[in-house]
């Protein structure tokens, strides 16, 4: 393999730049040429790519976002779009790809690989940690710490005013951010998509806290919870708790996607970027590089896309014990 | 004066603890006894007060919120409530008060002072910086930095995806947080309650950025802007800009109220706490301690409540120049 | 088991408070009484202990340091000291102990356990991550992020001035902090106690960077490196590199021990605190609770004390590739 | 004026990039061409300059360091060096300069201006806040907050171990960083170059704290204090305090120079950058732009270089009161 391409696709995540850097520096180290493709599949179709050198990735390890940018591409979902993309890669002499992103990214790569035989190895970049085939995804640790910083701030004001706060964190299908930031933030309850938490349980938890004279409470709601958004959950419990209860809602939103990556994410991203590159060099294709139990593993795209990643029920149990 | 009371009231602000510390340590230094009153006027009515010593305020200078807690009191708005409060203070031998809070707090103190003659000196604690009589209020600098940190994070993701972001910051009647975080965050436009920004100007700004091939834009909206919330402004501009424009909204919310106070806020809070105490000792009453042009000044509550604090128009002009 | 004691000992580490909280809340949950022993073995001898309730550990999960304080105890190294300690525990009806600390702490606990049969389960709290029997220790992730934040700041100034920086991080016997913060910080080289890095290699690395026109370089030195402190290494290379090279040294020092624990450390500390408690309840003794490959395991104190924890050589290899 | 140059010189400071941005964007706004000169006077002599556009300063407002780099130039101290610099500026058609830096920078600019008549307006960029002619310099607020963050971390460990910490902060001739971070960090004592603090006073303060059963103490030492470095001060007091006192020393070092600028510094830098540019356009020369009492003022280089900036003695008094 003489020349490869690297791109980011889907929602950006802190650590994507560290991953790009590892791919580029690793390629330089192994004597392989590497091209950066801008805006994912969209740039592949537009032919928006450029040769990257070691210095192209200087001073980016600490930056959030992605220097290669990201975009959704409807065109790539069409055979014509993929044909153009393939022609562009052929013209540029690109023999393999490293794709940094999530399930949407890998679905595209799998279809593309099946059609045109171009080998792709993925690196899991998404704050949601919802990918089968790796213990953690790039960006998750940073997102949890960002959410936690917000929870810590809100606790200051919650306890100064004896308030109940419902805080919504990201996670449309996954409660990972909610559970981890909830435990770390000392939340009374965590509501996640994977487990049904009826409103009656929320009310009960708040009443118990009240009876132990806890003066403030924090409840974390993953955006994809069955009972609805934090705002909706708050509406539902109003009237079921002490009428003097001062209830507030905060939705953390897009701040969770950005910021300088944590040490953990930079190291994970470096390992996965290098792992993806070296997998590609070693003949892997249509797989995602992941770290499971501290070992580098390659999982077929098919599995990462199809298989669910169960949430750690021990952690949910822990939330209850720790908020006694 | 042998014995005084100190309390926090209204919305909490980072630096209130540093201010309490300065009042308590200053009192110890000057040989005056000091009582902490919990939950503002509410605790004054409930008689919830305790003697504070030097060590009562150890290790709090760095904490957000207020160790004396804060609450609203409807009872204090009644003559009966104030009578009870006065009786409690009398019983405890309290001869003067330091009140840390905003306009609501000072209105209460002024009425109370007029009725019962108990001298009160205020210290301005509110993140909004909307008080006449001081250049800056306790908590404002921290709130701006918290908002800025969020803006920095959002810029990562905005520029990775070529998005337009509307970010709502606190400020129901005041655009201070919006203007300062907007300039510091490199925003394209800042919308504040003090100045009318028609939707047409927002659209124009975005189009101009587009024509200079700016791929992402950030617009800061103070919550009290005439055009409505960030969400409402975003709705209004949809359809008037490029149909491919990817528009997102984030509301920063209560995270802006908490967190460890910045150096600026801790020093300001210390100066104002000590200034309020020494003013009280020196015979001041019904005034708020403030810092104007780096000098300690006392402004009658009447003026701080009645007079508007104009926004710095130079800063608004600067937003336009810097986003060229 | 009706009543247990908990204490922290040795150097403090961020997350110790989260661990104490998990022990106390877990004990409340399981209906066991728990006493906090202040200043480790020193307080055990002085009889400085108090009953802890659920609210004793409210609002501490986010704080660095340890509310139970820590100290070294020469007395506990004597049979008389241990006898007094035992008598105090007996008098208080304490039937088991959770010890949060490092190897020194566990050595004490092991001897004490052998002499008096009082069962102790340890939780690994040390920023150095140098304990056999757990993948990570409480405080390590926070320390790495603190070091990383400093490295990021120094990179700003290094690259503005084209400087070479030698940065010393903690780790007397262990290069974990150095390696992880070095990879995450984009260092050119990392010098650790576990692997000999001759000065000639440092010089060679700097010269290579120079020839690729890298204008600034960062080298991380663990305090226990064979070539000496960062200051000493810097002295040794002077004269061997470009005479115009502007070489600076920074020693990060005790800042690495403090600060609010990261999400990772709070969760790890919660799991290990609860794991230690539930181990003790289940009959474990003279063992340390650890997490290996995401599973809770108990390792005899004897092994945690005696066995070395090898550094991940893959990570050292990665430093070289990534600084190409 | 059709075309100007901008450069940074001397030690870098957080906010310099925000200042460069304001100069460049302001020039674009006013229809003036602007060239960036790399590495200060050194690049002026080497002819290392390039045309800057609005987008040249995109996405830099949040970054520490300086994109124009900085260096010392011995050559510029010679008439020949300055002649070459002038010839290069002439050749490039540059009619005026904005110089961002400290006293060394302005001394160079003054001599150069006197010799060749090229008008220069300065913007004060230095973390030390030691420049006459402005209340605050660019980078000072960030440096204080960085030092404060370290002090907060160290307090965690100091109070966990009942230790005395001597913390050295930057400030060779100026105690500004020491005083502000000391007040904000709750230090027991602050030692600054401007005021003699005899060792006996340090000992006395520690003993008093001891007698009030303060278990830990923090003393801030500016690097230029008359009694020597923090290490030297610590050596001197050993033996004069309780023999069991556990005394530690930390030198914060270069971390204070870097990092993302605070909101305050970005706004100050923007105002001063724009102020310097508009001053230059309005005919100012050989002056430094500053902000005094919230007003933009221009002070002759001669005065900023010659006149001392006194430290606020009120703040030193406050340290004593607050550590009671």
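When the chains are written out, they are named A, B, C and D in that same order, and each has its own residue count from 1.
By definition in this document, a residue touches a chain if its C-beta (ideal position, glycine included) is under 8 Å from a C-beta of that chain, and two chains touch if they have at least 3 such contacts.
Just so we're clear, the structure is a prediction, and the values are computed from it rather than from any experiment.
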Check your understanding: Using each chain's Cα centroid, which is most distant from the centroid of chain D?
Key -> A
Check your understanding: Just how far, in Å, is the C-alpha centre of chain D from the one of chain C?
Key -> 35
Exercise for review: Please work out the Cα centroid separation of chain B and chain C, and write it as a whole number of Å.
Suggested key: 39
Practice item. Express in whole angstrom the distance between the two chain centres, defined as the mean CA positions of chain B and chain D. Key: 28
Study note, to complete from the structure: So chain B residues touching two or more other chains come to 152, 155, 159
Exercise for review: Using the contact definition from the top, classify how the chains connect: line, ring, star, complete or other.
Suggested key: ring
Review point. Which chains touch which?
Key: A-B, A-C, B-D, C-D
Practice item. Would you tell me which residues of chain C are touching chain D in their complex? Key: 8, 11-12, 14, 63-66, 69-71, 146, 149-150, 152-157, 159-162, 165, 248, 250-259
Revision key, fill the gap. Listed in rising order, the residues of chain B that touch chain D in the complex are 18, 21-22, 25-26, 28-29, 54-55, 58-59, 61-62, 135, 141, 144-145, 148, 152, 155, 159, 180-181, 183-186, 212, 214, 260, 262-264, 266-267, 270-271, 274, 293-294, 314-315, 318, 321-324
